[in-house]
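Here chain A shows up in two complexes: once beside chain B, once beside chain C.
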Partner chain A sequence: MSEALLQVRNLKKHFPIRKGVMRRIAGQVRAVDGVSFEVGAGETFGLVGESGCGKSTAGRSILRLIEPTAGQILFGGKDIRKLRKGQMRLMRREMQIVFQDPYASLNPRYTVRQILEEPMIIHSLFGSPTERQKRVAELLETVGLSASRMDRYPHEFSGGQRQRIGIARALAVDPKLIIADEPVSALDVSVQSQVLNLLDDLQKQLNLSYVFIAHDLSVVKHISDRIGVMYLGQIVELGESDQLYENPLHPYTQALLSAVPVPDPEVRRERIILQGDLPSPANPPKGCYFHPRCKDCMEVCRTQAPEWKEVKPGRFVGCHLYD
Partner chain B sequence: MSALLEVSGLTTSFLTASGYLPAIEDVNFAIEKGETLGIVGESGCGKSVTSLSIMQLLSSNGKIQKGSILFEGKQLVGLKDTSMRKIRGNDIAMIFQEPMTSLNPVHKIGKQIGESLRIHRGLNKEQSKQKAVDLLKLVGIPRAEDIADEYPHRLSGGMRQRVMIAIAMACDPKLLIADEPTTALDVTIQAQILDLMRKLKAEREMSIMLITHDLGVVAEMCDRVVVMYAGKVVEQGDVRDIFRKPTHPYTIGLLSSIPRLEDRQQRLSSIPGNVPSIEVMPAGCRFASRCPHATQRCADDEPSLLSVTDNHQARCWLVDEKGVAV
Partner chain C sequence: MAASVVSKAGVKSGGTVVKGKPPSRLAFERFMRNPLAVAGAIILLAIIFITVGAPLFTHYSPSVIDIMNTNAPPSAAHPLGTDPSGYDNLARLLYGGRVDLTVAFSAGVMTLVIGTIYGGISGYFGGWIDNLMMRFVDVMLNFPFVVFILFLEAVFNTSGELLLITVVVLTSWPASGRFMRGVFIQLRQQDFVIGATTIGAGAWRTIFRHMLPNTVGTLSVLVSFAVAGYVGLEAALTFIGLGLPLSVASWGGMLSEASNYTAMTTQPYLWLPPAIMIVLTILSVNFIGDGLRDAFDPQMRS
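And then the complex of A and B:
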């Protein structure tokens, strides 16, 4: 791979926990605790993991919608953490986000036309009203909605259609990268497949890169070229998506894959049932964060954090089993 | 042998700005003793309304307009509230999608589990407390004695759902209605809960009505399946038939639009369009506008549930014409 479009290196985001009347800092929630990955042009990188593992925080930190605590984010080779506000705003044109809840993320008082024009106005694109209208119509066609509905409000659309509007808004400014945070999680399966196919088509047409965040493994596997599996703020395994599925290395990846119910009554997958709950990211276990729930836990796992290693070309894992 | 639960011709409507509109219409199905029946379908197709109708827990603007619900041969439609209360939580128990909203935040876990035991079984405080601890152990909660003294907000989502199951199990119900019991949970926690439900069902010969939109969960848990679309049952049959020989074009579309872990990347098929809303239901088949096989007949007349085989039915004219759909 030539130099990746997006390179994330050791990204951290810690939220302070404040206590008492003085609001003193009593601890840190290590929401993202050292995440590294790359996304090439036209590539989809999937970020998967269970609720609270830090996927959304990672996505938002990359766009600096929230300020990262540490790490490097290189976009087109430029360290965007060093950019000042104005420069960052320009950069946002190239990196857009699509949110999970298609309703909450669209302003209910704006028409679809206003929603799509807003980012163009912010970035001073398509100067004249007629040009903008033309672009709005074009965008709606692109995402498979009729341009004749541009003067309607979000509540007049179904969930899948609203998600299309969210995608159209992200496309309005011609980005290179879209971070899609659970873009199909709120949708029914028949509509979910429409949106997944749309994302796929747009990627091919526009050579877009995606960071695709979701908790549904089948969806992530379907759309991604490569996948990072997150647990408690860290990526524990990363690799090409078919390989990751066929031969998961990390015990957590193995458990996660085995837990997905197979939509075939005649297939029984052997299941690794994980004991206990996800620990709190405010107080992660010593050693390997996964060790209290791991079926292969060894002595060393209790005390020493595993190293992040490339075990095969393009295949990374953080686990003492592969020392 | 007659079924444990027999629902026939059930129509439930809600009062809206345009009068009473049916949310479910002419719903028919039965659940045998010891069987798990899955009810699947997309958001808004009437799965929850069906279960709330059985439990007689509809909101005040909703009412059962037609039909019958027989539980062990006893008619539940029109049953007095006091009699229904004896059945609810005792013979039929229900667990909901969001465990937090169905647990009372100001009462301790142990007390909430014990409540139905005091009401239905006349246990005293001491006895019901002890039984609550036993039930927490049954559903696999560690440190059951301590947890019984906790408030719901101190528990994780998975633990709360276990508590809900413990409450549902308290009186050894004959039928458990589980409305999306794992939808709000992570897959690894879902695997724990499904495992638990399977174990309890086998131990207690309980029947389960499992509502879900996840076809993986259906394949794994259910003996028979009812597929609903826009308020109607469109197909029902044994789980193997539904997955191997889906007959209604909606079921076929649903099964082929899910991404599967074992598949290599390929384009998903999808069902074009959207579900019609209850205000503007089409005259003929409700799926016609999205159906690749629709004919004029489908637009004009609604098919009834037609037999594909003895215990497999589909609401589709294709069955009528060819015996089986394309």
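And then the complex of A and C:
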């Protein structure tokens, strides 16, 4: 994939732990510790993992909402980490975010019209107020809301409708990439599928690229072309969505997938129970980060970090089992 | 962008645009349902009315003495009697309220304006800016306030409303600045504020359009408690002789005047009225503050 829209290379975000009166740095929380992936135009890249594995931090670092510690973020070939403030603000037109909590992501004192107009005003996209209003109405229709409700406030909408407003705000500037940070996990199951279908439709229509962050594997499978599985700040396995689900390579992916309920009562599947808790990213285990919880742990796993390698075309895994 | 994507929300489009109820209107409705807050508002309005409209209720001036008629008990001519200097007590009480309320409200509003701007900048930018600004607040918080008043009175060789307001503002803004910093830090983490950054809004737009309007609830509560505090502060300072000069009519001044054994035991008409006014003002402002806090709290829905 040479013409990938977004290329993330060895992205790192370490938060310092400060101690004592002098606030000296006593350690690092390695929230994101060397994440690399690519997203092509019109493609959806799913990022899954347990809570606390750094997937949201990774998403926000890509947009520089949190300044990354290291790594490259190439968007359309340009490293956005090198952009100055003003250039970055212009670049924000191209990349947007949809938040998890639709109750916190909309300014409660703005009407829907103001919420959707603001990005257009900031980027001076439409000259006249009438044109802007037309565009606001269009956006609302696009996400499946009635334009007649544009002068209402967020508190007058349900969770699913607010999430649609959030999506409309992201679309207001005609972005190429949308980072969807668990966009449906705060919604009712019945509403989840509506919002997912909407995202799907929009992608086809506008040729959008998504980085879809979630902890729910069935949701990610439904929408993603390719998936990266994150564990403790690192991607442990990456591949085409179908292949990854049919034949998970990494023991962690296998454990995660075995926990997805199968809608067929006849099918019996071996359930792999993960032992122990997610280790602290401030003090990750030696060797392979996953070895204390791994069912296939070998001697080498305790001492040496596994290499990130392509086992099949387009299929990457970081595990000693495939050395 | 064609509007052809299927409308799955099941909402029919078209028709007239419906206006929503703004959050401020909802807050007002909630406030009006709180009996204590409404009572507080009515009492405060009544106090403001009788002090601003003082000439309607008495034809005496608060600064003219009747030297032949000092220490008179209440009578038809002087409903609250006269004080040891021969001032009419009712006139002192009514006109004195003007001074008290002016000092309290202007100092309250100014403290909050300074505190909000200072705390807003400190909380929004964080890092070393925040650190530097908060260390300065630490210094100001520990400033010996009484010494400061004595110093200013000595330097400017004056005492009066303006000096009192200045002193109160100069010594009170750090506390509200620190408080507002906390409010802004909390808001900074909110998704809609982060969302403002993602659509390309700059720092000032984010602070003034997205964060500030969402501090209105906290702000109005702070103002009301500050005002209540300053009414008491004025009385206390004047009582110990550091506030307003006795030639200026004020509630604290009246209390100070009556602080002797004879007045306390035998002339309640000298000190009871101003004491009641001070208590009523503080109570009503506090009730209003409580009502505003509940009204602006998004968790409270009824």
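Some notes on this structure:
FYI, the second predicted complex is superposed on the first by the 315 of 323 C-alpha atoms of A that agree within 3 Å, B and C clash if a C-alpha of one lies under 4 Å from a C-alpha of the other, contacts with A are read in each partner's own complex, and residues count from 1 in each chain.
One rule holds for everything that comes next: a contact is a pair of C-beta atoms (placed from the backbone, for glycine too) under 8 Å apart; a residue touches a chain by one contact, two chains touch by 3 or more.
None of these values were measured; they are calculated from a predicted model.
Aligning the two structures on chain A places chain B and chain C side by side, free of any clash.
Applying the stated contact rule after C-alpha superposition, one finds that A:Gly160 touches each of chain B and chain C. In the overlay built on the shared chain, the residue A:Arg93 is in contact with chain C alone; chain B does not reach it.
Using the contact criterion defined above for the overlaid structures, shared-chain residue A:Pro265 touches chain B, although it does not reach chain C. In the superposition on chain A, A:Leu106 makes contact with chain C only, not with chain B. One of chain B and chain C touches more residues of chain A, and that partner is C. Of the two partner chains placed by the overlay, neither chain B nor chain C lies in contact with A:Pro281.
Judged by the touch definition given at the top, the superposed model places A:Glu50 against chain B, while chain C stays out of reach. Contacts of A:Asn197 after superposition: both chain B and chain C are touched. When the two structures are aligned on their common chain, the gap between the nearest CA atoms of chain B and chain C comes to 5 Å. When both complexes are aligned on chain A by C-alpha atoms, chain A residues 160-161, 194, 197 touch chain B in the first and chain C in the second. Here chain A touches chain B in the complex through residues 50-51, 158-161, 188-194, 196-197, 200, 215, 217-219, 221-223, 241-242, 245, 255-267, 271, 273-274, 277-278, going by the rule given at the top. Across the complex, chain C meets chain A through its residues 1-9, 11-24, 26, 190-192, 194-202, 205, 209-210, 213-214, 298.
By the touch rule above, chain B contacts chain A in their complex via residues 42-43, 156-159, 186-192, 194-195, 213-220, 222, 239-240, 243-244, 253-255, 257-265, 267-272, 274. Contacts from chain A toward chain C in the complex involve residues 60, 63, 65, 89-90, 92-93, 96-97, 99-101, 104-109, 111, 118-119, 122-123, 138-153, 155-156, 160-161, 164, 166, 169, 171-173, 194, 197-198, 201-202, 205-206.
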